[in-house]
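Here's the structure, in structure tokens; my notes come after.
As written, the chain order gives the labels A, B, C and D, with residue 1 at the start of each chain.
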Amino acid sequence: MENVSNIVLNVTGVEKTFGGLQALSNINLQIEEGKTHAIIGPNGAGKSTLLNVCVGRLAPDSGTVMLGDETLTGKMPYEINQLGVARVFQTPEIFPELTLMENVLIPALAKRDGQFKFNPFKSLLGDKKIHDEAMSVLEDLGLQDQAQRNAASMSRGDKRRVELAMCLVQSPKLLLLDEPTAGMSRHDTNQTIEILQQIKKRGMTKVIIEHDMHVVFSLADHVSVLAQGAIIAEGTPEEIRGNPKVQEAYLGGAHL
Amino acid sequence: MEAILIQILNGLDKGAAYALIALGLTLAFGTLGIVNFAHGVLFMLGAFCAVSVNKILTISHKIKDESVTLFDAYKEIPYLEIWWGDTGTMIIDYSVPISIIFTIPTMILIGIAMERGLIRFFYKRTHAEQILVTFGLAIVVQEVIKHFFGANPIPMSAPEIVSGSAPVGALFGLSDSMVYPWWRLIYSLFSVIVIGGVFAFLQYTTYGMVVRAGMADRDTVGLLGINIQRRFTIVFALAAVVAGLAGAMYTPIVGPDYHMGMELLVLSFVVVVVGGMGSLPGAVAAGFLLGILESFASMNEVKQIIPGIDQIIIYLVAVVILLVRPRGLMGRKGVMED
Amino acid sequence: MNNKTTQKDLFLMLAFAAVIFAMPIWLEPIGASYPDLMQKFAIFGIFAIGFNILFGLTGYLSFGHAAFLGIGSYTAVWSFKLLTMNVIPGLIFGTLLAGVFALAIGFICLRRSGIYFSILTLAFAQMSYNLAYSVLTPITNGETALQLTLQDPRILDDAPLSGAGLPSTELFGVSMSGLPGFYFCAVVLIIAFYVSLKIFRSPFGLKLAAIKSNQNRMGYTGFNTRPYLLAAFVISGMYAGLAGTLMAVTDPLAGAERMQWTASGEVVLMTILGGLGTLIGPMIGAGLIKYFENIFSAFNENVLHEIFSFLPEILENLMVFIINPFVGKGWHLTLGALFMVIVIFLPGGIMEGLSRIAKWVRKDRSKPTGDDMGTAKSKPSPGEG
Amino acid sequence: MSDKKKHELSRRTILKTGVAAGLVFATPTILTRNAWASEFTNDPGSSKSVVLGFNVPQTGAYSEEGADELRAYKLAVEHLNGGGDGGLMNTMKPMSLKGNGILGKKVEYVTGDTQTKSPAARASAKRMIEKDGALMITGGSSSGVAIAVQGLCNEAKVMFMAGLTHSNDTTGKDKKRYGFRHFFNAYMSGQALAPILEKEFGNSRRAYHLTADYSWGWTQEESIKNATEKLGWSTVAPVRTPLTQTDFSSYITQAINSDADVLVLNHYGKNMNDSLKAAVSFDLRNKIAKTGKQWEVVVPLFSRKMAQGSGDDIKGILGSTNWNWSLPDAATKAFVKSFADKYGFPPSMAAHTCYVQTLLYADACERAGTFNPAGVIPALEGHKFDNMGNGPTEYRAEDHQCFKDVLVVRGNPNPSTQFDLLKVEQVVPRSQVEYEASMFGGELGPI
């Protein structure tokens, strides 16, 4: 425990039941700064529940979630975001009626203005700094040419990139990705992996929930395996690959 | 005690009307996901079915009245009376109950026409747009009715035999002065039967089962390969019939005019919300409950304590319910609870 | 790019002001250049522009905004009765009081969204209306409507000469009826439009549009949406209050009917008809509906016969027969039908129609998004959050 | 329709105003209302025609009354312009009308919808004054609306000839110099009904009032209360009901359970149809009250149209009315004939009062020789006339209220036709219903 200061997200003893169903039991997770941490597990293992507990959508029955020194449990999603947690959804959650530029401007404004700022007489167009900020993120993701395009008209892969841009513009302490390649073509998936690898180079801490082992093994530094609401194994991708317990419970002996 | 009992009775018939309208609204909302601002108009059309039947039955032979010299005045004797004598008179006397036979098929047709002609194009649109288009439709239908029937209320009467009041006071061993109009009792009873009929239909027929399944989970039912379109039409027609019957039978209580539906619609929406959007038993219970509450609030004793309470009680209840228990009295958890 | 848009906005503002001030000229050929109607255009324009800030930007459909209109009117008339016939205090008090009520009602209603929000606002509006009609009659004068009397104190004004009639509303000596009244409303309208334009172009406005687009996302993006919605609600409530005070300015009488939910429905119609979420659309919608209401409802058979007198008699009679149900006392029918047509075929309202025509005209050089009239780039669909 | 010269002038002013829009507030007095108008508002000048504004409810609860009023107005215009059989122009005395319009100018008219709402009615009247150049506004079937429009016309200095309005306030506390009312009022109803109520029901009755909650209802309640209490009756409870109420069962049951024995319905139109219906369905009329006396219902103001809306319920009920088509005098006969010839059925009392008002205005213009209200108003003030259906009538100068005989009527138990719904019980002479002009306060104000 000598490197406590390096732990970004600290989940301790989180329990959650729905009705009689134990969705999460005694979850403990430490995620180190700069690392990409993957959480894998079969359907219904509780991955999404865990993520929702982390972002404040669900309140755990017991246990705490800490971001650095801040307690996240009991906070609203917007408060948690303001503390530095950004999230990418399983199906892209963007602002379909707005342009890409506006999609990215909004989180940039959230970062700058906080959870509420009443500035109805300030000109947005006159604010060059924030436009530049947004544009540079769009450029990073190769979307600069489409900045004035309506988000609704983009392909699913591009929407995912927009959502990533929306998260990145906030330079969060922690980025949570819920199956970022779900439902994507092989091409789009590879593209996404590439982008995520780029981000990795920036040293951003990430938690990825993923099904696709290809994605997990190309990105993750560390893997936790969730089954029936409990963590059954933890380790580097290689360790997990070789862990018979994991193969039994989750992979069902399938090839890796 | 007597005052309380009589106010419960007073609330009963209005509650019955609320319940019937709210039932249809909920049915349409729960299965079709339609927020129908034209539902009040269906109630009004039902009432005008009764009016039309009465007008048809009393088509009269006109005899010039020679005693009036200033203009052509006529004495009117209904043909039915001329042809069938007392039997004809009796038929005319019973025109409101008889109109039910005519109201049901008419309302089915109107329901089908409305659903096929307009509503179905709005299943995928937002609630706001549904509200707006049905609001427009309501205005149009009202104006058409006004064009044909005029703006004034049309007096309608219950059959002679039930035109008086039931001595409920005497029945319960209370004061003789406590009476309650027969027709209002009949109306409450009738609404219970209609409500029972709707529930039985939903409970025991395959159609009903599909409808209930649809209310529980619309998307899945669509996937089952059931002809959901036709079911939707039938549900809408059913909602129309319920509203129409409620309207037709209401005519002897308050003379129908073209605007009567709109007045009840806003209240009925509130009733639906109080009962729980998408909950049929909730709509019925809330209808009766609010009817009775409103009746209590209009007692002079209550008004002296809280002036104006009779005017706002229903809305006040709705606001409180929405804030403390957004899914309504009987709404399922999670149904539009946001 | 930025400069260009700013220039465009400046041009839009100037054009808007010019069009509004020139109303007496260009409305004359269509018989709408009389002061009362032009005042109505301006007043309902303000109401609709304000309503659009809530409904158009955030997608929250309120059925209760007429209540704020009524509050504005009542406050202004009371100001005329108690303080002075000068319109400025009435204007300020009416707008502020409407804002206070909007804050209270909005605080409660905004705890819900979607149709629940609509019904909550409806409930509040109906409560205000019913109370104004019954127990609040000492304040509202009920059905008879609140009016000026000779006995009013008007403590800030000089005592009237005995035998003088009722004083009229004034702005530092200029009577506010007739044309000057219209110009006063027009100035207020232009300021109101300018404020709306600023809001549309501000980060605040963008956030409101984002709430409409995806409220869920807004939460995970770090915004507490409720204060934004409440701010929009209060702003639009104050616009409604302002419109209400102007109604009292041009005609110092306040009736409870203007609080009824059908009056709230009217502003919804205006906004939708013109183009939801567009800057200029609601103003157009308001103008059209008021024009129809005043001009169509005044048509009678004689007027129709006059119009079609160029036709052979049988055709003339036929035309009158066909059109008669839709005008005069039947103008509601026209309104309802027009409204259905718009919602069904042109959900973006007249503004969408215009941009479709514009696109069709210059289809060779079409651009992906070409709404230069300053829309919030939002199709008026996904409505409530 | 309106004068060319005025139009051009106004356009020039408008142009100027438009261009100098920014300066509007700096140049106060020049541009105030009617800066271009000549002697008086909407002076027809040398125009060949004049415009009258018929402002009636075409939508809403009173729209049937409104439609009948409009029929009467059209008939009046026809007669004024020399068309038709002339109607009351054949009987009216004294009469200066020549059947060539008014002062030789053809009469034209514009119509508007009051929606029975004060603001809408005022907007409509404003349009008539500002756009159509109407010289006189008339109409209305609700006192709230009449008072509101009368106020507006007074400010605009345009004549207002009230239609159906029965509140004491119209020519009482809200009277205006430019407003005139031919219709009777609530006080007269009370005075006319009192003796017959005493005769029929005795003088120790206990009355329960249900009152429409607005100007007219309040004054009628007060008038009936005062008149009956003078007989020795007592008033159990005056209960106000909102105008929007449709189901009166709660009110009726509370009345039945009170210790009253006469139900007074201060309701008009649909309100009255609904409340009476509730009373009848609770068997009130066949009941013995707690006082041991037979329950009775009184509807102080009712019309044939209302009786039609109530059907059988109204039979035998006492009330008062301004005029009924079945009156035997020659003037009534002439009017009914000319109305029924044109429309196929007899006119309502609302139609009668509106027709008469139009003729009276036209006649006053003829007598004054001008359309200027400064001349027309004095011509109407204190004017005495006869043979217009109500016997000798006087427009009292002090409050612009017509004084004439009042009819006490009863719902006809055996109607011979669908129009024969009111039976005239008694024609109460003018002297019995007269009162001091100062009684209801108010001030006419200057011309």
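In the analysis below, contacts are C-beta pairs under 8 Å (C-beta built on N, C-alpha and C of every residue); 3 or more make two chains touch, one makes a residue touch a chain.
The shown structure was predicted, so the numbers you read here are calculated from the model rather than taken from an experiment.
S.K.: Report the chain whose CA-based centre is farthest from the CA-based centre of chain B.
M.R.: Relative to chain B, the chain whose C-alpha centre sits farthest away is A.
S.K.: Between chain B and chain C, what distance separates the C-alpha centroids? Give it in angstrom.
M.R.: 34
S.K.: Between chain B and chain D, what is the separation of their C-alpha centroids in Å?
M.R.: Those two chain centres are 36 Å apart.
S.K.: Counting in whole Å, what is the centre-to-centre distance of chain A and chain D, each centre being its mean C-alpha position?
M.R.: 75
S.K.: Starting from the mean Cα coordinates of chain A and chain B, work out the distance between those two points in Å.
M.R.: A distance of 52 Å separates the two centres.
S.K.: Which residues belonging to chain A are in contact with no fewer than two other chains?
M.R.: Where chain A is concerned, no single residue meets two or more other chains.
S.K.: Note the residues in chain C that touch 2 or more other chains, in rising order.
M.R.: 130, 133-134, 332, 382
S.K.: Residue numbers in chain D touching 2 or more other chains?
M.R.: Touching at least two other chains: 59, 63, 242, 244.
S.K.: Which chain pairs here would you call touching?
M.R.: Pairs satisfying the touch definition: A-C, B-C, B-D, C-D.
S.K.: Over in the complex, which chain C residues touch chain B? Could you list them?
M.R.: Spelled out, the residues of chain C in touch with chain B are 59, 61, 108, 111-116, 118-120, 122-124, 126-127, 130-131, 133-136, 261-262, 265, 268-269, 272, 325, 330, 332-333, 335-337, 339-340, 343-344, 347, 381-384.
S.K.: Give the list of chain D residues in touch with chain C in this complex.
M.R.: Going through chain D, the ones touching chain C are 11, 13-15, 17-18, 21, 24-25, 28-29, 31-34, 58-59, 63, 67, 109-113, 117-120, 122-124, 126-127, 130-131, 143-144, 147-148, 151-152, 154-155, 169, 177, 212-215, 240, 242-244, 443, 445-446.
S.K.: Residues of chain D touching chain B in their complex?
M.R.: 59-61, 63-64, 237, 239, 242, 244, 246-247, 249-251, 253-254, 256-257, 269-270, 273-274, 277, 281-283, 286-287, 290, 305, 308-313, 325, 333, 336-337, 340-341, 344-346, 416-420
S.K.: Which residues of chain A touch chain C once you look at their complex with the stated criterion?
M.R.: So the residues of chain A touching chain C come out as 55, 76-79, 81-82, 86-87, 89, 93-99, 102, 105-107, 109-111, 113-128, 148-150, 153, 166, 170.
S.K.: Once bound in the complex, which stretches of chain B touch chain D?
M.R.: It is residues 2-3, 6-7, 10, 13-14, 65, 67-68, 70-76, 150-155, 157-158, 163-165, 177-181, 183-184, 252-255, 257, 260, 263, 295, 298-300, 310-311 of chain B that touch chain D.
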